[in-house]
Amino acid sequence: MDVLERGSGEFFATHDPEEARQFFLQKDKSLVAKVMTVKEAVERFVQDSDYIAIGGFGANRVPVAICHEILRQGRKNLGFLGHTSTHDFQILCAGEAIDRCDIAYIIGLEARGLSPNARRYMESGRVRVTENSNYTLSMRIKAAAMGVPFLVSRNLMGSDTFAKSASAVVTCPFTGHRVVLHPAIYPDVAAIHVHEADVYGNCRLRGITVSDLDLARAAKRLIITAERLLPAEEIRRDPSLTAIPYYLVDAVCEVPYGSYPGCMPYEYFSDEPHLREWLEAEEDPERLRAFLERTIYSVSDFSEYIERQGGIARMMELRRMELLIGQEGCQDG
Amino acid sequence: MDVLERGSGEFFATHDPEEARQFFLQKDKSLVAKVMTVKEAVERFVQDSDYIAIGGFGANRVPVAICHEILRQGRKNLGFLGHTSTHDFQILCAGEAIDRCDIAYIIGLEARGLSPNARRYMESGRVRVTENSNYTLSMRIKAAAMGVPFLVSRNLMGSDTFAKSASAVVTCPFTGHRVVLHPAIYPDVAAIHVHEADVYGNCRLRGITVSDLDLARAAKRLIITAERLLPAEEIRRDPSLTAIPYYLVDAVCEVPYGSYPGCMPYEYFSDEPHLREWLEAEEDPERLRAFLERTIYSVSDFSEYIERQGGIARMMELRRMELLIGQEGCQDG
Amino acid sequence: MADYNIMELMICAASRLLEDRSTISVGTGAPCAAAMLAQKTHAPNLVIFFEAGGVAPILPLMPISVGDSRTFYRGVMASGMCDIMETCQRGLVDYCFLGGAQIDRYGNLNSTVIGSHEHPKVRFPGSGGANDFASYCWRTMVITPQDRRRFTDRIDFITSPGYLSGGDSRERSGLPAGSGPYRVITNMAIMDFEESSKRMRVISLHPGYRLEDVQANCGFELLQADRIEETPRPAPQQLQILRTRVDPDRYIIGRG
Amino acid sequence: MADYNIMELMICAASRLLEDRSTISVGTGAPCAAAMLAQKTHAPNLVIFFEAGGVAPILPLMPISVGDSRTFYRGVMASGMCDIMETCQRGLVDYCFLGGAQIDRYGNLNSTVIGSHEHPKVRFPGSGGANDFASYCWRTMVITPQDRRRFTDRIDFITSPGYLSGGDSRERSGLPAGSGPYRVITNMAIMDFEESSKRMRVISLHPGYRLEDVQANCGFELLQADRIEETPRPAPQQLQILRTRVDPDRYIIGRG
């Protein structure tokens, strides 16, 4: 296949379906309970140097507990899939856990502004980067989920995003047009937060799915955090509602408020004051150190973090905000 | 892009995303009611020579009313996407409506045996064919749904199915391995049967989705038949349940028992005696003519067909069979 | 006389080959019966996939269609064709079962046409999902009657790939490494494929059959394993479960 | 003095460009306000998409994130990123709104780095979905402040394609035919792109601004339309709806 142009970006994770097939061949696909603590899940399934992907989008339906625990366990030299990654990326940069990154959207927190510390970290030269767009990363994940080495699209071409990507432009053998191919990414490990899971890892989620259905299939190892465990019988009662099947999953962690301080659709809204507190603490490295000590390093687990953030009372406020969407202030009927 | 090998199969529908973009640019995407009869939908949206695709799988969740109406209106020279097509294909062959076909699985009715008439029709030399596998056709639909000219996979290679396909083998520019590319298919029109739709065409369905989510997106024109209309407000109440959004849809036809004599998950089981009657009638062309006259040509619409097949009483029997799945005979708890 | 018919023996033999905790794609008919039997005997954790989207159902009765409601009854997921095929392509599915009108010495299968493709003498349904499963699943199993026309020296059309022209030709074609035909189960014997040539080889004879019977009903020369086993008779427990809880209406075993 | 601020004018001008029954991808901030305002005035049937999966929501308040719960509140579908981007790629989405740290004469946008990519002076978030929208949507709109460093003669990094190096270079690159930058709305003027050269061209000046003001705040030479319009002032009805029903907390218009 003649390559007309090739981006100079590096490959930070496996893109070869043959290698992935050998991995998946030996992966246990049997129906066994996988419930464990976040601590145990990170100990067993996240290793130094792994290439990691975090589900959700922005600070919405993100497995924050996993990110905290990665800091507490001091994981280093992680590769990262930066697919509109906001608060999760901010946390991992605060822990200096990343040394290479596929970028589509990083260091920002959307309308909230940019993370001063993530920006410093990314400008420090300590992180190797490959550029992508969001859809390019979606496709790279989907290619892995499909078990193929690449997918094709019509974006990127002509841009510097392409020039610094790992993608390649070729001529379509059917139409004669220029198209761009994006190599697969099989993350070593992914963490996804869902509404409900049974003990085996069968998952349900509501609201937008972002790229998580593909991500669950692409990742070699998969950690699920769930707002709630669900009786396994309920999964079998209505298999149409299952988004992620158990045989993809390595760990199931029940983590109520697990997307806090991000938003969890139909459960609780984001804690904007706390996210502002993060951005403010990041302005000064010393202050950030103290802030992290207080919110992550000195905390034993995510429940304790939730307690320190105001516990159930604060969570109930955020829950009311979420459930009042559409009823607040002025709006159309 | 160097092609190492190319199948000799013909292209029966557009595979060019540029042509499709021009079509979709002018397609009306506004939220207007599209409820109409099956007769009107076929009159307006199925033309002679169109390339047509039918949703569902085998005789499960298939828009049978549309197939009957195509016969009544005497459509000819249709191209057909034969993606485990069973009773729908049998009907269209009985009407001699097809003159070219992408084959993955045709003329059979799975465990029920082969359709004598469809087989005669396909052996008559009147139908040009291109071979595919089921997944190849799934991908060709998905490529169109994505808006790209092809998708890639690792099947077909080395087989005569490839040799008679429209696919091409190339070397992967990332791994150096041989992979096979499958050109997109944008059907001129598709018909999909769903559980519920609102008047705009927002659809819900339960059970297996087969390739219908992609098919809805790939088709230039889309006819929905639905077991039931649903208040539009109910769609907006829980957007997570929407499988097909309204802007893809051209016609919404409320057709209770619309998959009969096929199965509709959670609604009614297939009418096996009637499907056997079809296979028996097909043994002799004269008998088939009389059978078609009685069951399709002399019938004004699908409701009348249902009446002639035993009406509500028979439908209730099939409904009980469906809802007794798991409770019949011997089984595990 | 045997207290079982030959279809029962084939199903029991196929069933025995399926390991607990393995994954399998099946269609309707004998393969489905073999998988159901395995699940109810030695392989309770066998995970069954159906190509139209059914994942790990608790099968109440044999499905009529690969997409009917039984194929996802109490399943863990009701998915779609791409998800199932891609699960196979990613390498998560160990076994599949296929059949065909013709099979050659390398396990290539024909379910498309007899005669030329342009002017077929007989048209069959085509690949369906067979080419996909044969390409992707680690181990392809075939259950088919043993006769000379079916086991052919020259296959009219390769619908689904076996080992193509033998040796390493399958892997060289681009198909996933390490996958391919595993066992062929007929009414007379069980065959595997010799490791380097990839030619079909008799490894087990059913009770009452000799090697000559098998060769006489095969259109090409069969290799023979160094030691040829006798296929175990169906165990009484297998037969009882098969007859009462897998196929009580004798849809499949009635054909034996 | 004007009874509106410049942010209000920009939002009202952008809103006016959106036709009823058209489709649009928006993010947060001013573009979202413009789309909401259009929906509540002349374009009640405007269909709004959010890249993370929200389809046709009835937006209660401005979202904070392109993926928060408001982006699919009473939507017709809660979908995913591939579905949205592929809806754009198939050609179903008319408009998108983008911004950037730099824009050049061909409407190319930079939201990645200032300085070299290897050793950036400033690192920005990167493309996000911007490159995708700019590639796929028929008409890209830009809302951005007018200043010399932003409107640059030499862009440091093309994150999202405009007309690349002008002429037919966009289409020759492989990007979909007929798509590209449509309007640039600044605090001083509205620009389009001249048909054959694809160079940025002033077509409308906001009340109180002269062409020289715009050119003085632009790092490259701007073309001028044969007839340059005056941008209509926000209509009282627009302002009232914008202030009371789109952005009552003045999150966006408070910056004007």
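Per-chain residue numbering starts at 1, and chain names A, B, C and D are given in the order in which the chains are listed.
The rule is short, and it goes like this: a residue touches a chain if its C-beta (ideal position, glycine included) is under 8 Å from a C-beta of that chain, and two chains touch if they have at least 3 such contacts.
Small disclaimer: the values here were computed from a predicted structure and weren't measured.
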item	value
Centroid-based (C-alpha) most distant chain relative to subunit B	D
Whole-Å gap between the CA centroids of subunit B and subunit D	40
Whole-Å separation of chain centres (CA-atom averages), subunit A against subunit D	28
Centroid distance [mean C-alpha coordinates] between subunit B and subunit A, Å	36
Multi-partner residues of subunit A (each touching 2 or more other chains)	17-18, 146-148, 153-154, 177, 179, 206-207, 240
Touching two or more other chains - residue numbers and ranges from subunit C	58, 72, 74, 78-79, 82, 89, 136, 176
Chain contact graph, described as a line, ring, star, complete graph or other shape	other
Interchain pairs in contact, sorted by label	A-B, A-C, A-D, B-C, B-D
Contacting residues of subunit B [partner subunit C, same complex]	56-61, 82, 84, 86, 103-108, 110-112, 114, 119, 122-123, 125, 131-136, 138-139, 142, 153-161, 164, 169, 177-180, 206-214, 263, 265-266, 269-270, 272, 322, 325-332
Residue ranges of subunit C in contact with subunit A within the complex	20-23, 45, 47, 55-56, 58, 72, 74-79, 82-83, 86-92, 94, 136, 138, 176-178
Subunit C partner contacts - residues on subunit A that touch it in the complex	17-18, 20-25, 27-31, 144-148, 200, 202, 217, 235-237, 239-240, 242, 245-247
Complex interface listing, subunit A residues touching subunit B	1-3, 6, 15-18, 146-154, 168, 170-175, 177, 179, 181, 183-184, 206-207, 240
Complex interface listing, subunit C residues touching subunit B	27-29, 40, 51-54, 58, 60-61, 63-74, 78-82, 85, 89, 108, 112, 117, 119-120, 122-132, 135-136, 157-161, 164, 169-170, 172-176, 244-245, 248-249, 251
